[in-house]
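Same chain, two partners: subunit A is paired with subunit B first, then with subunit C.
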Partner chain A sequence: MAKEMFLAGCSSAAYGAMLSRVEVISSYPIRPYTGIMMELSKLVANGELDAEFVHGEGEHAQVSIAYGASAAGARAYTGSSGVGVTYAMECYSPAAGGRLPCQMAIADRALDPPGDFGSEHTDVMSARDQGWIMGWAADPQEVLDNTIMYFKIGEDARVLLPQFCCQDGYFVSHIPGKVSIPDQKAVDEYLPPFNNPHPLDPTKPVSHGPQIFPDQGPAIDLQRAQAFIDTPKVIEEAVADFNKQFGRNYDPFLEEYMTDDAEFVFFLQGGHARTARFAVNHLREKGVKAGMVRLRFMRPFPTEAVAESLSKFKAVGTIETSTSYGGAMKGGNLIHEVRSALYDVPNPPPVTSFMAGLGGEVVSLEEFYSMAKVLTQAAKDGKVDQYVYWVNFDKV
Partner chain B sequence: MSKKYCEKFNIPKHLQVPLGAVLPANKKENKGMITGNWRTVRPVIDHEACTLCLNCFLFCPDATWHLDEKEEKMVWNADYCKGCLICENECPVDCISAVNELEFKGGVVRLEKPF
Partner chain C sequence: MSDVYEITIWARGVVQDMEGRHMTLIMASSADKDGKFVQAWDDYADLPDRVGVPLRKYVRISDEEIEMRYEYENKNPSLVVIMDDTIVKGLNILWGMDKGGVLVVNSKRSPDEILKFIPNKDLLSKIICVDAEEEFSMEGLDFMGSEGGVEVSAVGAGISAVLAGAACHGTDNLTIDSLVAVSANKEGAKAGYESAVVKDL
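This part shows the complex of A and B:
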């Protein structure tokens, strides 16, 4: 029987890891993800979870431990926030390239300088080329559910990729919500034990990361690229099975909210979707045909699904929550991915981006209303005046 | 790499990569890559003082120490030791000492051909 509890994202991630029967956990403290390891250490100490709990000497060590454990055949779990995520950067490619499906729980945090504990997606977004599966949860329930689903997807023999299971720092990681905790038996039916096809085994020794000549490089890169071509199908199956097994209703790639007759949509990922839904409701009451599309997977980016969904609208506003200084659009990251997805669509809607929710700020209802003003105008004009709006400063 | 990708992309056989570039490891020494000639200092063991604790074996990054169980002695591999002296550092009874490589006849293993 599923159990209902009131949990914040950190705790629900820990419960998700426990239900996934993780075998090796590598920890290192950094706010705000640190709550996950605090909860897991309690579960291990009181015998509820039988796992090796290892304390790394830093985040670089943490991720090395996780993928080393995965290489030995264990289901491995780690996590970090902010500069911890970037400190471990060297380790991401070997884990993904070695096809080691460990999971890293990210409660995102703005990067230094200066010291900012608030939520921002830039930390792990800056690792999106490293070959890991990556996606954001919008609430504690989805954090727990994604933890289990990502292991199922990542460990599939057609995929074998590590995963960043992300949540907004503080907004999701530290604010409690109702969580239905599935029972262990149901999770065991859904998620079988991890089967590493080439584990480190003294009786059948293997080598990771051999030296190669340049002409072998492209073939190796191609193999990794192909893994991502094969992943969306696995995601669709894993999400459909999860919905059936646990009574949820997730769309694999996009959550569409009030989009049936929307003129424009807010496009975003993560916890700010919850404010967005309220904003959309209020705007609708005022007769504004707003909608929201929430991205559930940044990697693999669901290009076809995004093109198909967004091409229905007259304007799109990406709510960035991350920075891409000096990038093509000089703002955030989502607009680059969205414009690329829409490039081949005949008569694509104008897309503008909003630098909002940075540094840990909420995206307030007032900000949604001013964004709606911009998008209403863009829908009317069929074009945008600016590609980047800084919502705190640009007068609209 | 799966057969269908190799066929689809016309990948020549010598570039067909195993999954994750994970290869079966050598079980024998690879005589083609002698790195012992990088050494300028050699660890020398005093077998009398050695307690067979196996620290040198455990800590060596190149697996150049191993225990000869019959002779009950530690055996050192001149072809691969690079003289890092981690073994000397980790020996609990200080029975390993560092000696200049040139003091040994045939010291500094030379390759017949440059690598």
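This part shows the complex of A and C:
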């Protein structure tokens, strides 16, 4: 029988890792993800989890340990936040290019300057093109579920890619919510042991990541790109199996809330979806036909699903909890992906973006109402006046 | 939003961190058992803690879904619990409280003695003192920081249960029966409820 507990996202991730029977854990402390490693170290010390717990001397070492363990055939788990995520940047491409499906838990945090503990997606969004699967959970339950699901997806022989399993720092990582913890037996049925097809083995030597000639590069890059083209189908299967095994109701790529007759939608990822749902409810009480679409996977980006979903509406506003300084749309990242996905749709809706929740600021109901005003006007006019609105700074 | 009942707990860094967090968890679990919507969490800016620094821990209880879940602090507490009576000096422990609030203090001293140190005591409608160490020694001392980790077993094994038991005199949102049911230290919760010195103001 599954049991229910009050768990913050950090503890929930640790329980997800334990239920996934991770074999090697590499840690290095940084807020807010630290709680995951503290909880895991307790579980190992108490004998509840049989795993090698290794302290890295920094995040670069942490990720190196994790993908090294994965190369040896172990299910490996690591994690970080903020500047720790960017410090390890060199290691992401070797893990992905080596097709080593270790998992890195991210409780996101704003980058310096100034020092800030608050949630912002910029840290790991900066690594979005390194070849890792990436997506955000919206609550502690989804953190646990994604931890298990990501191993299933990443270790699939058609995929073999490492995964950033992300949650918003503090909002999700530090505020306990009710979490249903599945039985170990049920998880074992869902997630078989990791089978690395080419493990490092002294009795059967193989080379991982050797030096190559330049003309060998494109073929290797193409294989990594092809893995991402093949991954959505694996995600669909893994999510469907998970829903069936554990009685959940996840859509593989998008959570849609009150979208059936919505005129405009907020498009976002992560924990602010919770406030967005309340905002949509209150806007509807006032007769405003708002809705919300939440992205569950940033990589692979579900282009077709996003195009199909968002083409139904008269206006779309992306809520950017990350920065893309000097980017095409002058603000965040989501709008680039959304506009690209909608480019070939006949009569696509106008899309604008809102810079909100940066540095861990709470995106309040009032801010959602301000954004709703802009989107109501955009739906009426069939166009947007600005690519980006800085909420509380621009005239929103 | 205004119907959310807010509880703020002040604890000493490291030495009371775990018990303080446990108090939020047993208070929330107890109200959850009574059918309320709840939230229990640590102040994000007070962690990671240093030994002895004042820490804030929070509970929210409501009859409806708590929409303000992501707000970092309780801005309008109706109940404040002080885990070490020396914290009453030098800090505005009643910050944000409206007139009519309740204060619970872990102390050997009497309510009148404690009130001498609280310049804005006119905000209070009730003060509750309980000697939690007398009722239950400081077992459960844990020098690991919490930092997003949430205990799942033996929650409320030490003085947190005693203080939470005493706090049941301060609000209908906490009932002693449910509190005893969710606390590891059941005798402590009962003892706190029974030995509390309650003074209406």
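Structure notes:
Just so we're on the same page, the second predicted complex is superposed on the first by the 396 of 396 C-alpha atoms of A that agree within 3 Å, B and C clash if a C-alpha of one lies under 4 Å from a C-alpha of the other, contacts with A are read in each partner's own complex, and residues count from 1 in each chain.
The rule we apply is simple: a contact is a pair of C-beta atoms (placed from the backbone, for glycine too) under 8 Å apart; a residue touches a chain by one contact, two chains touch by 3 or more.
Just so it is clear, the structure is predicted and the values come from calculations on it, not from any experiment.
Of the two partner chains, subunit B is the only one that A:205 touches; subunit C does not reach it.
When the shared chain is aligned, subunit C comes close enough to touch A:362, but subunit B does not. By the touch criterion defined above, A:31 reaches subunit C but does not reach subunit B. Once the two complexes are laid over each other on the shared chain, residue contacts for A:131 go to neither subunit B nor subunit C.
Number of subunit A residues touched is higher for C, counting subunit B against subunit C.
Residue contacts after overlaying the shared chain place A:332 against neither subunit B nor subunit C. When the shared chain is aligned, no partner comes close enough to touch A:84: not subunit B, not subunit C.
In the superposed pair of complexes, A:291 makes contact with neither subunit B nor subunit C.
Within subunit A, not a single residue is touched by subunit B in the first complex and by subunit C in the second. Contact residues of subunit A toward subunit B in the complex are 97-100, 160, 197-198, 204-210, 212, 215-216, 218-220, 222-223, 226. Residues of subunit A touching subunit C in their complex: 5-11, 14, 31-36, 38-39, 42, 107, 117, 170-171, 173-176, 271-272, 274-275, 278, 362-363, 365. Residue ranges of subunit B in contact with subunit A, taken from their complex: 1, 5, 9, 11, 15-27. Residues 25, 28-29, 32, 39-42, 44-45, 47-48, 65, 67, 69-72, 144-150, 152 of subunit C are the ones touching subunit A in the complex.
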